[in-house]
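As structure tokens, here come the structures.
Next come two complexes built around chain A: one with chain B, the other with chain C.
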Partner chain A sequence: MNTTLLIFLLVLLAALLIGIALLAYRLVKGRMPRFSRKSLCIPYAVFLVFFVIIPMLVIFFYAFTDREMHFSFGNFVKFFSDPTKLSTIAYSIVIALITTVVCLLIAFPVAYILARSKMKKKYVVLMLFVLPMWINFVLRINAIRELFNWMGLLGETNYFNTVFGMVYDFLPFMILPLYTTIMKIDNSLYEASCDLGANGFVTFTRITLPLSVPGIMSGVTMVFLPSMTNYVVSDMLGNSMVTIIGKFIYEYFGSDWHMGSMVALVLLVVVFVSTWLTGGFQSDENVRGANL
Partner chain B sequence: MNKRQAVCLALAGAMLLPALSALSGCGAKQADVILRVYSWAEYIDEGGEGSYQNDIEGLDKADARHILDDFEAWYEETYRESIRVDYATFGTNEDMYNEIVLGNEYDLLCPSDYMIMKLAAEDRIVPYDESFFDESDPLNYYVRNVSPYIKGVFENGTVTVTQGERQETHTWSEYAAGYMWGTTGFVYNPEHVDRADLEELGWKTFTSDKYTNKITAKDNVRDTYFAALGLTYQDELLSLDKQGESYNGTLTDIFNRTEADYTEDVRTALLAMKSNIYGFETDTGKQDMVSGKIWLNYAWSGDAVYALDEAEDAEEEEDKLYLEYFVPEAGSNLWFDGWVLTKGVEERGTKKAAQAFVNYMSTPESAKRNSYFIGYTSVIAGEKGEMCDYTDDLYGVEDEADETEENYYDLTWFFGDENGAVGIYADEEQRTRRQLYAQFPPQDVIERCAVMNYFDADTSERINELWSQIKAETLDAWAISVLCVAAVGIVLFVLYVKFGSKIDFFRRKPKKGYELKEQKKA
Partner chain C sequence: MAEHIIELKNVTKYYDDNLVIDNVSFYVNKGEFITFLGPSGCGKTTTLRMIAGFDLPTSGQILLNGEDISKLPPNKRPVNTVFQRYALFPHLNVYENIAYGLKCKRVLNTYRNAEGKEYTKKERLSKKEIAEKVQKALEVVDLEGFEKRSISTLSGGQQQRVAIARAIVNEPEILLLDEPLGALDLKMRKEMQIELKEMHRRLGITFIYVTHDQEEALTMSDTIVVMSDGVVQQIGTPAKIYNEPANTFVADFIGESNIISGTVVGDKLVRFCGKNFVCLDQFEKGEQVDVVVRPEDIVMCAPEQGTLVGKVISVVFKGIHYEITAQLGKYELVINSTQKRTVGEIIGMKIAPDGIHLMRPNYTTNLFDGVITKHNTVEFADGEFECDVTQLYPGSHLDEEEYLITAEGEKIDLTGAEVKVEVGLYDIEISDDPKAGGTTGRIISIIYKGDHYRLIVRTEEEEEDFVFATEDLWNENDLVSVIIPKDKIKLTLKNPEEKKRLGGGA
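== the complex of A and B ==
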């Protein structure tokens, strides 16, 4: 039977069993069981177990087994002794870094101007920046491909094309959190700064920049991580001459799941470390709704 | 039971109902037999505009039917049993293989040559019934219509099947019924590429500086590895004695060189290719040829026909482009896709229907429809040479005066000589470089084509490793060391910033004369 259908049916069955259990409880005890607010988390917990934790364990299992399914560090050793794989990780990080920095440089002024201006229709302008997200991503990349071809860049500047595509694709993810954070900076702070005689530059470095750090961080996380793996962009705009880590994972899953899982696991660690570096795990309240 | 309890039970029943109806088929067409077919995307006649029935038979595009609907109707009429075909598609052989290994139960698959061998060797597919090969049964369209040439290829090819401890050698024909076949070669734009030059260069076109950035290779390891073999061993291949008894055998061996000694030579060729080509492509090649972006595209013959058709059908006269196809003199790849029955097809009771499906797809009528729709060449010849007539209609000369000996294109090797020699009259372009040449290459081209076997697990791992090293950039050892040190440095720095103040060792000592607040309190 089709696996997808099977999973769907299992979920349905689980819902059904819960329903029957509730009714049975009702029949026996004569009242519905009392739920605390915590039990609202149950569906999410179930989802978490089935679609996050179990798949993660499966990846872990494959990464540390060989073809005969025996436990082995072979893939681990092979990965870290292969200069190609290490280089690919380095290339992916560099491409992602450049993408993030360029996105930040473009997005910050845009978000700042939009958030601080007294323009009446600034939502329209903001929408124009976000609008491309509503159009299918492959379609947009295809359009850029044609544009690059017309400009004679396709096949010539593969790395530039890849970074351009990534920036184009992920820019809205940088603008939105920045816009929300800058919007929320209290206007009285600017007034105070003006009263105390600070010039524009000082106001920017002492007020705007420090207070928009949460927005920068969440923007950086949302741009940096996907641009390490989005190989559709590097394939289409870089003519498959640029290989990033996501492509590696895809190719290995065609032939060797164990190595593929190991690459995925290493990527997971890189993602974990970079999220942690940018403070993504901070639970304090100063994130101030910057996360979308 | 009180009223409340009754209401509860009724509610429970109401909850069960939709689940039960979901289990019993999700509202799709009910049928006695459900046949699950897993094949390539866009690989059958889907009807509508531009289909065979629409273009050639002149039916309205709304009346040009999907071939699966026709099969379902035909099956019901012939076997008095209703059938529903669940048709799913895949993009690569490897995707399909993963699905099968994960336990998805399809009845009929359409993998390529090497994947058929791999599936057979791993005992994941079962042979056809003996009755399937009975030529006296009028419903056995496959054996009655298949080309004698393809039949020969399938009967001569062998695969070692491992069933538990047992190992047996079987022929391909026991496990697979052909569907489409072809060669690989170069589609080129004659406005920029000279045919004579191409013939001179052969596989070395990939590294020629005349075509720097104007030629593409395939973004999959097998096809590009094959091309690199041709590039590396071109001189050796050309020096073989073409009339010799073992010509094709030796050539096939050369195109199956996967041992470690050879892969190092191939690596050099692949690197040279990569630095010269425009890019690796999976399916943008056809479009890039048509738009004139590139001059040469390494392609499967079916895609070549598609590109040729597309380029000459441009709406504006000045956009029309007459592309051509070429198979290197040194030899090339012979490939085919075939229908195979998955393990468990007997237990599921769908073997008869699956075989009937293959037979229906093998009628000359279906072969024409599918072939016309997708541009690939069917393995079907037709009992009375129907496919030859069809090819003649498409590519033969129109004027009877042109039916000269010079224009005769011999196709006996494909259609068989039961009814004497078979051939069509076609102009020089069709015979040597256009669609006819791509669909049915002349016999001497076929004789220099080789099937590439599947790689066993170790070879596959080694060649994939090689492929990843070709595709990705590798930095020098010192650069990697520097980066590793930098990465560790950054992590340590952040650790220090975050936790440094909590560790006594890093805590800044207060200057003399000052005391820490805590100490004061104490």
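== the complex of A and C ==
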């Protein structure tokens, strides 16, 4: 039996059930049910339950059970007593950190110059930096792989290749929030700083930099987290010699779901802590104002 | 003579291709409270920004205590600015904002080394010195105890005070204030005006103040510089500017005034509104003048006692006085008086000689540079107008091919001939149909002259001005087309010798 037909029948059945329910309500109460604004939340609640809460519970369940589905701390102990696993986590973090720092070093001057220039067509230049995002990511990484191959770097400088690929891939995510933040700094603040006797360097360190912190935070979050897990880059450019945490999870789910779930859970904690450290949970609009 | 702390010498400023400051020269005395006053876009803020160093003059010099500072960056000038929207640093608290300038400062300290020789060292101010100075500045602006407050928790008035404290704490030689009270409500503004004036007295430094509010300027300043269109219109004390405006622009911009066209009919005798008046200004007999009479200088009396008699057409209560408009034939006069009148009442009016101020009109005729086209029309001020080219050569006429034949029978091709175009003040009409006239422009100025309006229409490309009188009321900034009747365009050849002859002569 074909799947499309099955889905169609299911939708029909659901519609029928809703229809019957409405009719029954009318017969009993004598009026149609009133929908408050709250009932509009129902689809989202259903979505959250099925696609967020239940999967999380499943991961929790797998992480703390063994193959016989008995509760166990075995995976937890195994993970933290295995030096290869721990070093993989460390590598992932180091690669993500380097990627983030390099992105920041490249993106800040670009964003600063673009935001402060009086150039009329500056959005065109900005667009050029962002344009690669619109080309399929796998295609771009493949192109770099071919380039590295041609230069003889593939398989030689695996870590460099990986970081290079990630910087290339995630740079726009650093430039855009920085650009919007620096754009928003009122020009009169620079003038006021200069008026009060500060030279260009002091103005930069005391005014520009502190005021672009929200953009920096936003960009760091958007680069650091994906670069810990994006194993497509590390696989293709690191010639499968660089294993980051994302790759690890992927491999475990081929054989041992329990261990895979545990690694996923550890990653979740790392992400949680790093988000907390960069102030991502503050609900203050000024801090998150730079988000795209 | 007082010391000139700032002097502008022939300063001109272009933004891209726009002339915003046109050859401005003036000086500021040390310790004075000087105000740049003018409508928005007159160049007053640009002038201030050039003194601060944010904009550099395209040409000309700015002298500070006799030294040229025109090319110096703002951080090297002993000048501090209070910005229009305060420009406080949002990430710093009140204390840090005020201390910002002090932390950038380096002072020369003199020490004696072991051998007893004196030497100087450039040093930062100590934490203690900074704290003392900030404390003092906070006292001046009445904000003690606000040190730790974040900027976003302050009201507009408090932010204003922080901005002033942040500027004066550096003990500048000149304090620049760019419409600092613009964002405050009326009551707050009045209070701050008095406080600023008091601060100026206590600190003894020079204040340069920019505003478009003429009342603010009159209240606070020692000297007012009235600007318009990038040009200084008048410099003087508030009383002088109010009582003796240099031209109709100043008279119209500063306070209320009746501006009426008149004619000098004798020694200190002027005729307007159909009557002769004794005045104090000496002009040549027969000269056309603009007469300025302040509303409070017109005294109402019984109809049989007044020099002028009119009918009250409107009465508006203004708090301390009534603003009464009277109609005398086609003239309208505005009178300020504490006495009430009712609409429809016939009143007499008297004006004392010192209430009548005569000015030479800024414009008596419109002059343009034009070029004759091949269709025997004239091109000037972004447009093309029909005209009578035969007036260039007395006794000439046009032949059937539209060539000019002079009285002597010479055939002349006028195409490309440069001419001076003259159009009288009363020979221009405007229309809101853009195709009705020879060129289009925007109305940039409207001044009521008792029985008519004097308008200035400026064309958009070449920025040529048409000045003329009309009895209709228009709105400023309207796009209108300019109509000039063919026979009202007076042409004269610029180079009469340079004739382009065509073909056979006599």
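Here is the rule we use: the second predicted complex is superposed on the first by the 245 of 292 C-alpha atoms of A that agree within 3 Å, B and C clash if a C-alpha of one lies under 4 Å from a C-alpha of the other, contacts with A are read in each partner's own complex, and residues count from 1 in each chain.
Rule of thumb we're sticking to: contacts are C-beta pairs under 8 Å (C-beta built on N, C-alpha and C of every residue); 3 or more make two chains touch, one makes a residue touch a chain.
Predicted, not measured: the structure shown is a model, and the values here were computed from it.
Within the superposed three-chain model, A:D195 lies in touch with chain C and out of touch with chain B [touch as defined at top]. In the superposed model, A:L128 makes contact with neither chain B nor chain C. After overlaying the two complexes on the shared chain, residue contacts for A:Y252 are found with chain B alone; chain C is out of touch.
By the touch criterion defined above, A:S240 reaches chain B but does not reach chain C. When the two complexes are superposed, the chain touching more residues of chain A, out of chain B and chain C, is B. Every residue of chain A that touches chain B in the complex is listed here, in rising order: 1-3, 9, 12-13, 16, 19-20, 23, 26-27, 67, 82-88, 90-91, 149, 154-156, 158, 235-236, 238-241, 243, 247-248, 251-256, 273, 277.
Across the interface of their complex, chain A is touched by residues 52-54, 73-75, 79-81, 83-85, 87-91, 100-101, 104-105, 166-167, 170 of chain C. Remark: chain A residues 186, 188-189, 191-199, 202, 206-207, 210-211 touch chain C in the complex.
Those residues of chain B that touch chain A in the shared complex are 5, 8-9, 11-12, 15-16, 19, 22-23, 92, 94-95, 98, 102-105, 213, 216, 219, 274, 278-282, 284, 291, 293, 457, 460-461, 464-465, 467-469, 471-475, 477, 479-480, 483-484, 490-491, 494.
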